[in-house]
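Heads up, the next two complexes both have chain A, just with different partners, chain B and then chain C.
Coming up: the complex of A and B.
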């Protein structure tokens, strides 16, 4: 098929929302959360690397992430885990032929469940 | 007297080797006529150099697929009132992911080649129609029988234009050929199993379901792709529990 030879333009076209339906928003969300979780994995490994510098270095880092802005970053990780994980279950079940005609409602359910989980973890992180 | 709206029709123009540009046409339109009627009026009364494909005008030939306000539509069955309001702007672009021949006409050759590859017949016999309803036909259809009716897929290419993966992965078979493979039936052609289960087959689909959303013939390619996956998983599980075939070693 005829596609743009520039790979970045091709990938950016995934995120063009014009004229798209809910299924594509699920597709976009899965790509964005996957990139976020991959970035987090690298950051996580770097942070674990501070253990090699001794307990003080690690404790100092733990104090740093008490900062509300960094906490918000952690909340984004929680959001990505729920959105990506639950949407992954939706796509996995669809691949077994389950609930394909109801994939739209399934996606709405995924988002609602994720929002409830994000609200719960947000409350625990900031107010509990 | 028929209702008349004043609309602005914007058509994406492009001749081979030239930069694309938008051309505007102010026109009166009956909201109950179809978008293809407006495009034809532009050709008849404004600009004879406008190129577009059309034939049957009743959603059978699949020739007039275009993007209307960024959504893939079969323009012969898209009423003006469903895509614009009085005084509004209606935008018509060629389909995505196909080479533009001229203006709104695109080269569909690659789609037809892939449909042939999976054994899809745009015109079907009654017997094949009955077989397709079973999804897993017992054997190949009699090649001698008459072809007397159209199958659901009209090969309009709208799903290929709407699919985000076709746009980024040129070798991905795409929703229409995969749906065609499902309609033709894996059991009637064992080679299809390798084709649809291969690198550029059903596992490339990322479940955006735009194919199903834009299909004018209710083929539901998204569902068919998922059914193919279910069938492939079933075949794989069966192969794990069936006795291994002996392998002949050549001396």
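Coming up: the complex of A and C.
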């Protein structure tokens, strides 16, 4: 890593919402959800190893994730999937020169659609 | 927002950038199917027991779909994390070490995931 003393400040600035433009929010959102989803992905794969250990191991694990705190963690994963996925589609289209002048509207649409999906899944997880 | 198309960043090859970009839409579709079936659709709101998961994996196309999901999600995630690290401008020597770590972790988890898929399918 280079010796730039500001490196940690730069990382921390990703999490600081003050004085940012909408484009920077989009960038922050993609970075933070990417790191969260990557961490979840590898933990998920490791935990799924209980499937190979037999019914007792896996079914006991399923009982554990009925815990409301872990359920909230699952809702965060759902939120990250929608925000990262839809924002990623916006960035992908933009990379091929599609809808470049309409990025602002596209980003607002991504956030609105994601919030609707998160609300639906949250309701489904806690109240249905 | 800056109204210019995004491009590969310094240190990121066009091939890796394209893989990250093109696996994105595939992942969004497969991830939504994966989440919906595993957590919401199954018999009572998802696949809620070991027996239900094993039964689900008996159709040949489910392990195939999950294998595609596994490979694309690991490639997309590790190329993405490498892109984030590139923003921090690591020294070339450190980047070479990190690249090897990403390859080993990626290949290792793909092999482990394929083994797990085969093991679960074989339980039926």
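Throughout what follows, the second predicted complex is superposed on the first by the 110 of 128 C-alpha atoms of A that agree within 3 Å, B and C clash if a C-alpha of one lies under 4 Å from a C-alpha of the other, contacts with A are read in each partner's own complex, and residues count from 1 in each chain.
By definition in this document, a residue touches a chain if its C-beta (ideal position, glycine included) is under 8 Å from a C-beta of that chain, and two chains touch if they have at least 3 such contacts.
Quick caveat, the model's predicted, so the values are computed rather than measured.
In the superposition on chain A, A:26 makes contact with both chain B and chain C. When both complexes are overlaid on chain A, the residue A:52 reaches chain C alone and has no touch with chain B.
Looking at the shared chain after the overlay, A:96 reaches both chain B and chain C.
For chain A, the partner touching the most residues, choosing from chain B and chain C, is C. In the superposition on chain A, A:11 contacts both chain B and chain C. Note: residues 1-2, 4, 10-11, 21, 23, 26, 91, 94-97, 100-101, 103-104 of chain A belong to the chain B contact set and to the chain C contact set alike, using the contact criterion stated above. Of all residues in chain C, only 1-7, 21, 24-25, 27-28, 31-32, 35, 39-40, 45, 48-51, 53, 73-74, 77-78, 80-81, 84, 88-91, 94, 109, 112-113, 116, 119-120 touch chain A in the complex they form. Per the touch definition, chain A reaches chain C in the complex via residues 1-2, 4, 7, 10-11, 21-23, 26, 31, 34-35, 37-38, 41-42, 45, 48-49, 51-52, 54-55, 58-59, 62, 74, 78, 81, 85-86, 88-89, 91-92, 94-97, 100-101, 103-104, 107, 124, 128. Taken in their complex, chain A has these residues touching chain B: 1-4, 10-11, 13-14, 18-21, 23-24, 26-27, 30, 91, 94-97, 100-101, 103-104.
On chain B, the positions that touch chain A within their shared complex are 67, 69-72, 97-99, 107, 110-111, 160, 164, 166-170, 172, 174, 206-210, 212-213, 220, 222-223, 226-227, 229-230, 233.
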